[in-house]
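The following pair of complexes shares a single chain, subunit A, combined with subunit B in the former and subunit C in the latter.
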Partner chain A sequence: MSQPASLPLVASLLDAPLPASGIAWLDASRRENRAAFAAGGLPDARVEAWKYTALRGLGQRSFAGGDAAAATRVVDAAAFALPGVDGPRLVFVNGVFRADLSASDALPDGLSLQPLSQALRGDAEPLRFALSRPALVGHVREAADAFVRINAASAGDGVVLRVAARAQISAPVHLVFVGAAAEAELAWHARNVIELGEGASLSLVEHYVSSGEQAQLATLVSDIELREGARLHHTVLQNAALGANLIRRSGLRLHARAQALLHVLELGGALVRHDLQAELIGDEAQLHTRGAFMPHGRQHVDTQLAIRHQALNTTSTSNWRGVANDRARGVFRGAIVVAPGADGSDASLNNKNLLLSPTAEIDTKPELEIYADEVKAAHGATVGQLDERSLFYLRSRGIPLTEARALLTAAFCRAVLDDLPNKALREHLSGLLIAQLPA
Partner chain B sequence: MNEIMNNQSSTAATLRDNAGVAEVLGRSYSAGFTTEIEMTGLPPGLDEGTVRAISAIKHEPEWMTEWRLEAYRHWLTMPKPDWAKLNIDPIDYQAISYYAAPKVAPKSLAEVDPALLETYEKLGVPLHERAALAGVAVDAVFDSVSVGTTFRKQLAEAGVLFCSMSEAIREYPDIVRKYLGSVVPTGDNFFAALNSAVFSDGSFVFIPRGVRCPMELSTYFRINAQNTGQFERTLIVAEEGAHVSYLEGCTAPKRDENQLHAAVVELVALEKAQIKYSTVQNWYPGDENGVGGIYNFVTKRGDCRGDDSKISWTQVETGSAITWKYPSVVLRGDRSVGEFYSVALTHHFQQADTGTKMIHLGKYTKSKIVSKGISAGRSSNSYRGLVKMEKGAEGARNYTQCDSLLIGKKCGAHTFPYMEVKNPTAIVEHEATTSKISDDQMFYCRARGIPEEDAVSMIVDGFCKQVFRELPMEFAVEAKKLLEVSLEGAVG
Partner chain C sequence: MLKIENLHARVEGKEILKGLSLTVNAGEVHAIMGPNGAGKSTLGHVLSGRDGYEVTAGTVTYNGIDLLALAPEERAATGVFLAFQYPVEIPGVNNTYFLRAALNAQRKVRGEKELDSMQFLKLVREKLKVMQISDELLHRAVNEGFSGGEKKRNEIFQMAVLEPQLAILDETDSGLDIDALKQVAQGVNTLRSPERAFLMITHYQRLLDYVVPDFVHVLADGRIVESGDKSLALKLEEHGYAGIAASHPAGSHQAGAVA
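Take a look at the complex of A and B:
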């Protein structure tokens, strides 16, 4: 570890005042996490989980903590409108809840949706378990969790979403995080707690946008719990501006027969890191993840997927595509762990990547850790370029080379959206994907 | 023992019960004898004096002593690697004796202690006349010194230099000085640095330009003395257009304490040269309770320095309590080829973290990795590999296949492949699967009257076929037998 306090980033994050809640356990937990962050500092390349994502550049920057004017910043609602997503909406600007931009008045039965800041003013006790749980849950080395700690210390707002048992929420819930240009380069944090009761179902859209190109640092930590038989369709669209440094950690727990279908699209950002840690803790739980990351320019996009099979007859499938262009770097790790006794686990993962430029780089690392024998586990990863024969086929039918390339690259990425159930959203997202590809 | 049998019988619940299997429970390590001959050696401990003493015993020139000391000083500054998926008890480097040799140094094969020859006889090394029959030239390394090299004359006629490393340092200092440490530098990693400081012997092979080595070369390593570590150093240089196939086998007696083996192997292939390096590693793996066994921390690396050169590693790893080994190829020359074929079997409490690195630097370089891991008992077996396509690796190609087979409920099989690609015209492909022997396969065999043990061994053999095919014939037979012995008691 480098000297933690000597890094401008660490010093500036520690400089920001902790949000005061007036709740003894929460304030204590925030102080502890801040102290742990101060002691541990930032992870360097020797920490395995950060091997391919260097924080040297980011570590040298300073960000002002919190935005006093967040409540009045002008944000164009068109910036986050999505076709097919017309349900309840919560909007956060620079980490602060904006009631004027949100739509959460007429909630369907069984859905409870409010900002964390509000939830804490009411009965904070139900949140105690999630918010005071130590950030470190075992197998990750300490400094690897630096951003989770500073988030636990500094996040004053976020989403608290609960779906009552057996409630079927049909309209998709839209969670919007806006990074808005401010007087100084900002750091902001958000903490989300999401729970689906037994047999409940929900479709959720998590959305990152920016207004302005200013550099920012945002950390977001989400806990998602799916009780027995719950179903979640979760779509993440990350379309932040090129100045945004986004560090996210999602923890997903699936109880018996719960099912989650996740689609992730990483389009924007400067340095983007997403840790997704899923635990299949109930029998017959199912997790399906799909995602595409398409860094260009000097973007660095790092996705770390860790799926733990801990119960009988659980299933996971993962299908991720990466396209790196210009001087960009795409990093992917897809780890599957089958715990002792998790018989009947069926896990498959595949990550295919295209390199479009001689100065771009892809680092991929699929992993299997298997401790049970009645399992099926497979993974595959490739890095390469478009298939020559497919290109030839298209050209022989009169399609010019550049167009043929664009067509095949678009098809390559779009494959991850095939099973997105919301048709209007699917079409919109694939439009965004194609727009991102080089002409 | 009872406890072990209980564990094993619980694993049997998934397969069918078989009373006959109980008889063959417990594994036999047929190479686990010791040889009573007078040994001379250095007392345990390691400091600059030890390094100088080893160098002095071997009558080494000044530059070699300095080379060792430099490595030793570097080693002192290095942290022990802890990234592998291994539980290693702390090693007391001061408790190890860094040099052991038979007391009377043999001058020729005829003078070699008969007890020693008997040892090799028991191991089935065709050292003497048997060598002639087998047509294999053998350099046998016993603890720390090389005890005799067969077929020297025939090889010399072809221009091939094949001798122990100590002899090579004395007789061919220019070649040794030019290539030693050029593939694995002294400070490459913790164990390579230690080896560079205290290596006692090993094999040296030099195939001059255009020569195709007339026979397969072979080394047999054996750790005999107690409390010793074996640090051998092998260097193989194939000049332009030369070809060589080299085999290596290893055993050690049964002892309760762990013994350290930290070898370094360097291969250099110049233009159009080909080196094929095969290993059957059967160091003592410890008993069924995980007591004793060899710590096998080996650095093996080949350098395809010339265009159109080829280096191929084949390994069958059944022994050692802990294996930490990543035979690698640096593909420097354009159109050079690297291959890695591996079968790693772990049983009882063995741990293996093994794999390869393919570093593509040259244009149109190709590499192929086939790794088969088999875990049984309470063992842990990991594949760890790196495929790196550097910016200049225009049109380079890699294909990797890693399969793991689990036998029993308490073992682990892991895969950690790293792929780093910086060239858009390079293609990297990786595939891995993990499964157990399927009930269908077992049922099919049993229905045709094949006993359970034989069925498992047949299926495992089929699983490994792709790798065994790459081994020279004698080794393929030995490897197959080794797997059978090693798997005894794994089912049932």
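Take a look at the complex of A and C:
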């Protein structure tokens, strides 16, 4: 551990006033988490989970806490419009809910959707369990918790979403987090609590964008709980400005027969870290994750996927692609644990990567730990260049080398979108992938 | 149209073509036959510009220009087409998208107007009809999950759309059953024209029953050792490559060229 208070980042985050809720248990929890953050500081490279993502540079920077003008900052709604995504929407600007940009008045039956700030003004008791703990998922490594702690201390807003048992919500729900340029470089935080009741289904789009190019630090912690037989299609589009530092932690818990299909696109940001920790705690739960990270310039994008099979006949498939260009760095860790007793588990994980420049780097680390019987498990990771035979095939038909490279690279990434059910959204995301590629 | 003179080429340091000469004129269909390892596929790859083939001597002149100096995509734009022995599967790249990108890239180089998607679709529908290919193939990724026959037919279909001047078919008949072979041959015959030349590389004579060549050449040990008309293919069928090789011991024969 570094000497905590001496780091400008730690000092600046501790400098920000805690949000005051007037709820005794919540204020106490925030103070405790803040104290824990102050004592622990930032993880350094000796901590395995942060081995490939150094926080030295970020640690030397300061970010002002909170944005007093967040409620009035001008944000163009076109910045977050997405084809195929026209359901209820909550928009947060610098971590603060913006009713004027949101659309949550006429909600379908069975959907409850409100900002955390509002939920806490009503009956906060249902949130007590979620907000009293640093994170949903139990096997969190202690040392990685610095950002979760500062989030638990500082997040005054976020999403509270519940789908009632058996409710089928067809219109996708759009959660938008906008980082908007302010007078100073800002730190902001959001805490999301999402629960699908038994047999409920929902499509969710989690979306990160920026207004302006200013550097920021944002932490986002999400709990997603899927009760028996619930089904979630979850798409994450991270398209923040190149100055944005985003630290996200998603804890996903699947009860019996619950199914989650997740697509993640990491396009923007300066330093981006996403910890996705999933537990399959009910029999026959299924988790399917797909993602692409495409850092260029000097971007650093780190995805840490941890899936734990804890029940009988559970299934997980993971297919992730990375493409790094220029001096960018990608990091991927895919860890699957099949716990004792989780017999009949079927787990596969695949991470393929392309390096488009000799100075780009991708570190990938698949891990598999199996403690059960009759388990099917497969994992693989590769880092390479484009297939020469395919390149020649395209060129032999008249497609110039640069175009052939772009075509193959786009196809390589687009594979992760193949099973995204929302066609309009899929095509839009596919277009964003292609736009991200070098011309 | 194409004049190959004394071509020598190496792959991974090993000399494969050892002084090959051949002249092909517009409108002609030439069959290149020969045993495995004679250099047949190497010839196709050298002509289309694949990496890893080092030309150590000789020239290839195509319509008066030095073909070997051009990048593969430039060769394509000037009208050279290679139908692959093993067409590559390219997951994630739609067949139609790929073919339009290819055609438009070629048209751009030639200073012709690019086709929009409507114009392209119209062209493709015409060609599909002629090639007897279902349009379902168009919606799939390039060659992905195609059967052997579908892959070869897709090559011929691409050729029909791109309308090359010089088409090189590299063992297009290999791995095909008789029905698929007939379909492929019919596609090729449809494309025969006074402006277009074909170089058909094949191991077996049977393709030549359906696409009747004007000239047959025997390639052995990196050189053309005998040339003739279609009756040469029948002679080969009867005596085998060993019989031909016996009458042309290595080094004793100056590579034949057919004008």
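Here is the rule we use: the second predicted complex is superposed on the first by the 431 of 439 C-alpha atoms of A that agree within 3 Å, B and C clash if a C-alpha of one lies under 4 Å from a C-alpha of the other, contacts with A are read in each partner's own complex, and residues count from 1 in each chain.
Note that in this section a contact is a pair of C-beta atoms (placed from the backbone, for glycine too) under 8 Å apart; a residue touches a chain by one contact, two chains touch by 3 or more.
Given the structure is predicted, the values throughout are model-derived calculations rather than measurements.
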Could you tell me whether subunit B and subunit C fit or clash when both sit on subunit A in the superposition?
fit
Does subunit B (first) or subunit C (second) touch A:367, or do both, or does neither?
first
Looking at the overlay, does A:292 come into contact with subunit B only (first), subunit C only (second), both, or neither?
neither
First (subunit B), second (subunit C), both or neither: which does A:395 touch?
second
With both complexes superposed on chain A, which partner does A:356 reach: first (subunit B), second (subunit C), both or neither?
first
First, second, both or neither for A:403, with subunit B first and subunit C second
second
Partner touching more residues of subunit A, subunit B vs subunit C, is chain B
Which partner chains sit in contact with A:414 here, subunit B, subunit C, both or neither? Use first/second/both/neither.
second
Answer with first, second, both or neither: which of subunit B and subunit C does A:375 touch in the superposed model?
first
Thinking of the overlay built on chain A, is A:82 touched by subunit B (first), by subunit C (second), by both, or by neither?
neither
If we overlay the two complexes on their shared chain A, which of subunit B and subunit C does A:230 touch? Say first, second, both or neither.
neither
Shortest span in Å between Cα atoms of subunit B and of subunit C, once chain A is used as the common reference:
14
Shared contact residues on subunit A, subunit B side and subunit C side combined as an intersection?
none
In the complex with subunit B, residue positions of subunit A that touch it:
48, 52, 340-341, 353, 355-358, 360-385
Looking at the complex, which residues from subunit C come into contact with subunit A?
48-51, 71-73, 75-77, 81-82, 84, 87-88, 90-93, 98-99, 101-103, 105-106, 109, 141-142, 158, 162
Give every residue of subunit B touching subunit A within the complex, in rising order.
14, 83, 389, 391, 404, 406-436
Once bound in the complex, which stretches of subunit A touch subunit C?
387-390, 392-401, 403-404, 407-408, 410-412, 414-415
